[in-house]
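Per-chain residue numbering starts at 1, and chain names A, B, C, D, E and F are given in the order in which the chains are listed.
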């Protein structure tokens, strides 16, 4: 049976929910106060899970210090204290919902992690709004 | 791969664990202090998870505002600041253990959510006693 | 300068807010859903703070194991898994608001703790409703 | 001795730290990544404390439902899902540091609360950055 | 569909990460500050999950009081306020990484729980370093 | 009125409670399982509070990034992943109770912070055992 290791990191970003193909009225109707054209923001808590077999020499599935550094280099540095819609290539034309942010982060990290390890991402947009990708 | 969205809500209820087919002695023996005939109570934290594919137009698996309103209308209004044994039809003859409360909430919400979306419920009775239905 | 030590304990109780000198209408108007005659309940988190000077022999202001046992013997055993209005002498004629519960607990503990130590009580009725006695 | 009641609410906002009298270089040097001209954001947790004597009729220092409604009407509606620098009068020319936000909220609420009650505000900008006004 | 029940317990231990077959230099390089020969320590939060069908008589998958007592007798008593490397048979020659601790606890509890119930263990070494066994 | 800013940091250490002037029996009797000669350990959460007036140019009482770096340089580097009794000068002959650790940290930081700012330290040894110095 395999073991999962999970590392928690966090970042603070501004964003706005918006579909450029829609009228302002439709955007306002669907996204409500999240559509504020001047943006709002969140403290995002990010949990990255890797599933694999512990190395018998180290007892580690993955060195958590290395995982923390990897998440900080590839994800936190890109999104922390940024405006997701304006400062990042990933969300220039993709709506930065929590769902899409989780998928984008998964795609970034998937390239960096050995394919023998399964990867899952959980993102807390607030204490009460949470997404997982891929879903359990 | 699918994405999960999770919404947290809460309610405060009184309850008593009790099997009416048993003697008082047996109820006391099995349920201990949870069997107090004058009731005790909890702050219940409820997490509702929906699993599906994000709508490409909105980036949402499910609108979290709509999900919050649904949980409040169908679950919180029924159980919050209520005596589960005495004030609710669901637990008049069903023992309000955390397990049974989670299953009852799942059954209530299942009727309200499109069948294409998978539904899971996690209920914290206390910080240290937690149930999930269906189990992961 | 003095040092404070704080111990966290918890209990789960049912209660009802109610003033017996008022009509049902007035009770309903003032206390709303907290007035439910069949009771509701909470997980109470209790923080007990003692302020004094550390003993130079032990480095303790107060032995936290002893403080924990004292709170459990004198407070938790009395209120945990109880109906505050019906099962306790303290609240038979005193409305069990968070404010009154904090004052009652302070009075119970004040008799047990050496007068040279200052005593403060913080009570979380929910994560969002908190009281302190005496107030800072 | 007096009793304190504390109510927790929250809001999500975008902001940018910036002194308009300074050069871009000085702003960048002093405020670092918080100076991002496209904004970043936070989930703010707000604790509002009122200190007074419980009403002997109700056992309340202040009705927590009334306090919650007051904070939502006067504070949350103004700042939630807003850009503090651009969408609010309060921070158009005042730097929206956590310190200044706490003082602004205190000033808003002070007008609404009877002077016999002492008022204190605690604001979590993140789990690790917290301010209190007035300071304990 | 089955229901999961989860019980949270905790213990505080000292440990050191170390592979006796390696040189000091290699241990230092791989385990960094976790390799400190004089040990460091953690507050471990342990979640034990059992998956099964609620008993129709009790509404319980498993009595949480019994589960709590079992975890305390078999796991907490063994590891709490202990040096994992020096005071326990389990980690005298097994590196006490979070991964290995979770597997050891699972093996201890697996013998005590009826095979009809699925067993999972989640261990928080810190708020930011978490392991699960078996992995979801 | 003054404003307080509070920064949270953390460290993980091993320790043993012990009075070298006492017999083993007395140490065992007074400190119980905390006296384990092979040590146990904790995740310490440290809150450092500074009280002063916000600088009108910056809106800061103290730059939280500077405060975080100061705590990490002067406190965390000294105690994190260390054995308090064996690896630190401060606790070679001072019993590392939570009370004494808080006072030691306060003394370290007091020298680094301008005297115009009031300084307070809160230390969580566990979620349930907390100390403050100086006491509120």
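In this text, a residue touches a chain if its C-beta (ideal position, glycine included) is under 8 Å from a C-beta of that chain, and two chains touch if they have at least 3 such contacts.
None of the values given here were measured: they were computed from a predicted structure.
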item	value
Chains touching both chain D and chain E	A, F
Starting at chain B, fewest touch steps before arriving at chain E	1
Chain whose Cα centroid lies at the greatest distance from that of chain B	F
Centroid-based (C-alpha) most distant chain relative to chain D	E
Centroid spacing, where centroids are CA-atom means, of chain A and chain C in whole angstrom	41
Interchain centroid distance [CA atoms averaged], chain A/chain F, Å	34
For chain A paired with chain E, centre-to-centre distance based on mean C-alpha positions, whole Å	28
Overlap residues in chain B, where contacts from two or more other chains coincide	127, 136
Inter-chain touch pairs (all)	A-B, A-D, A-E, B-C, B-E, C-D, C-F, D-F, E-F
Chain E - residues contacting chain B, complex	1-9, 47, 49, 51, 54, 57-61, 63-65, 68, 118, 136
Chain D residues touching chain A - in the complex, by the definition given at the top	10, 12-15, 33-34, 36, 38-43, 80-83, 86-87, 126-127
Residue ranges of chain E touching chain A (in the complex, touch as defined)	17, 19, 21, 30-32, 94-100, 102-103, 127-136
